[in-house]
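Okay, so chain A shows up in both of these, paired with chain B first and chain C after.
And now, the complex of A and B:
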């Protein structure tokens, strides 16, 4: 496994779009480890990630940032802490179609905030389930007084993924006071 | 503010064709007139856009004979003589917009200049300050479906129970002004919006107000404000500043501290706060409920800070953020 010093981690439920999200940013063809999905109870997709997806981007001074996608199934949770250590932040994606999606979100957050507290949440597949309210996520964030950004996104849309990356950056900038220059007023 | 408003009816058109025409017409005449998209049964119509197959029906012919207003038939059959518009019929697909614009100028705008047009009531005095009652009513679950409008016409219909908004197609990148208001939605109002796509109500409202420059001075400069969640910006142009403002106000923060820290004008920060208040996201709080600390209070070494700023700058450049 390629371990970069700087990395962004894509975590979350099976079928939420982690692989697509990495594809939308990576400048190299991503190293995928897909296999036939045998857990059709959790998700109907035919293939799923069983190892770690890897993509990368290069900054102008040659520094590489690794984009790591964690396998969605909890039986791979032993690997999550290794990937998340020292990450710039975690993009946590959740499939709106998941049964008990709030419980699933709660479980992932409980786990991942122990590894890294700079987290942004993306709710995906929102057009495929109009019966279930999107407001429930915002209500849950408010009720639990959580400060993580939560957005409704399409994981295939690069601009949506960039918005999530930018929210991770904004959190860090505000935390260390690196915001005082360069703002173009809206 | 006296602003002329044009009532345009569409009939028998697919939502795709209707939406395309609405956007074109809105773009063409937005600076001159407001537009109300009305039903064919409306008492006041300035222009009718109608599917050519329905034009000869008795119902339509009766309306046109009783009320003299211009009409444009819409045909999906390509023109036989090469004209985009011929004898008040627009042939799709629309390859050039100029013939349509010329037709509108000649048959609608010059017609309106000769005749009196409907005047939208002056709403600006009703909403000099958006008070708490206004916002409570706007978001009350008892007010299930509301028609939101301003002096340019319909903005959206919102459903407070489902927390969604259906947008008037030509105003997707809308801004508004102090004439912004709402009323219970009537059945006829639903013809003015597209229900193909629904928007998250709170995010749509936040973006609407944030993009509206008049909404700057409705919050107290000296206050402390805390948002419940990060609003989702729709446009890249203001994404950076809105995310940074969210990162501050999600912790609870003093308005003046945030303006100073982010190097923003106080008006921009107040507009963010106003947009959040209008979207029912957050409230003014006491100082002890706030955990945001400006950077001068942080114990970060200059070397670390410089390295970090440099590193973040590289990431922003790489992604064009």
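And now, the complex of A and C:
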């Protein structure tokens, strides 16, 4: 029996809600690799992911998706490429509270597009920082002529995460469609 | 652990001195051991004693915490509880990751040795050191 399963990676800044997003979506108890967080300057949360988080979801059409979470901190960058291997896309989450959030977004995008260019961006914790504009992300994407879908989400909301997963799959289908059309014309 | 205030998340100097002393004892008293590092369970180097220099110890600390967390998760999946140590046996040496289950400041001891090391002796020493550090954290 060959099990057909796809893989989506959750990447992005520390405390953006990657583990929470996988938890909210997964239909199985998620495999967590959390450790006690001593880096309070970066984030004050108690636990932080240091390995790979894993969950699963089955979509309406029966397709099973493996949900893989990465550690956010760059000291764990050795594991990022390993996790992204064979993924159909990356959901890049960014904490709106991060100082210089546009720079942080730029850094993660630069790194992760090397592993897979099918990326959807989710800005989280938007209710905790009302002073900083959300429009800045749209403006930045436009100014840099990027086409990544952008969402403002709550990582605890299953619907929000599901919407991003569906967007990622739709982007992939468009890309695959465009490639096969190109091949037919050649 | 959840009740630890933010300013007390990092291990106190006294505990680190004790941990470093235990690491030093293992390095000096176990033939074949080249390197012992204490790191936090979230992958920060805290103290290192060594006969040989290893480059990029910060990365070594991060990788060690990842491996220990992933193996612990694997053991949990197969209904085994905790992960006391992991022994990696290579052609030219051994690496041992030992969990230090300190209540307030969980840590990892990373030990690198040549292939001739007496593994039983080393594992016994590591277990004792881990217990001493964990007990000191609980006091």
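As a working rule, the second predicted complex is superposed on the first by the 165 of 186 C-alpha atoms of A that agree within 3 Å, B and C clash if a C-alpha of one lies under 4 Å from a C-alpha of the other, contacts with A are read in each partner's own complex, and residues count from 1 in each chain.
By our rule, contacts are C-beta pairs under 8 Å (C-beta built on N, C-alpha and C of every residue); 3 or more make two chains touch, one makes a residue touch a chain.
This one's a predicted model, so the numbers in the text were calculated from it and none came from an experiment.
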Review point. For A:32, is the partner it touches chain B (first), chain C (second), both, or none of the two (neither)?
Key: second
Review point. In the superposed arrangement, does A:52 touch chain B (first), chain C (second), both or neither?
Key: second
Exercise for review: Look at A:71 in the shared chain and tell me whether it touches chain B only, chain C only, both, or neither; answer first, second, both or neither.
Suggested key: second
Review point. With both structures placed on chain A, which of the two partners, chain B or chain C, ends up touching more residues of chain A?
Key: B
Check your understanding: Regarding the shared-chain residue A:61, is it in contact with chain B (first), chain C (second), both, or neither?
Key -> first
Exercise for review: Please work out whether A:79 is in contact with chain B alone, chain C alone, both, or neither, and reply first, second, both or neither.
Suggested key: second
Review point. Given the touch rule stated above, what does A:163 touch, chain B (first), chain C (second), both, or neither?
Key: first
Practice item. Would you check which partner chain A:102 touches, where first means chain B only, second means chain C only, and both and neither mean what they say? Key: neither
Exercise for review: Identify the overlap between the chain B-contacting and the chain C-contacting residues of chain A.
Suggested key: none
Point to revise | Residue ranges of chain A touching chain C (in the complex, touch as defined) | key: 31-40, 44, 46, 48, 50-52, 71, 73, 75-76, 78-79
Revision key, fill the gap. Interface with chain A, chain B side, in the complex: residues 162-163, 198, 200, 202-203, 210, 228-230, 232-233, 236-244, 246-248, 250-251, 261-265, 268, 271, 292, 294-296, 298, 300, 304-305, 308-309, 311-321
Revision key, fill the gap. Residue set of chain A touching chain B in the complex reads 6, 25, 57-61, 63, 65, 88, 130, 133-135, 138, 141-142, 147, 149-152, 159, 162-163, 165-167, 169-186
Check your understanding: Which residues, counting only chain C, touch chain A once they are in their complex?
Key -> 1-2, 6-7, 9-11, 40-44, 58-59, 61-63, 65-67, 69-70, 72-73, 76-77, 105-106
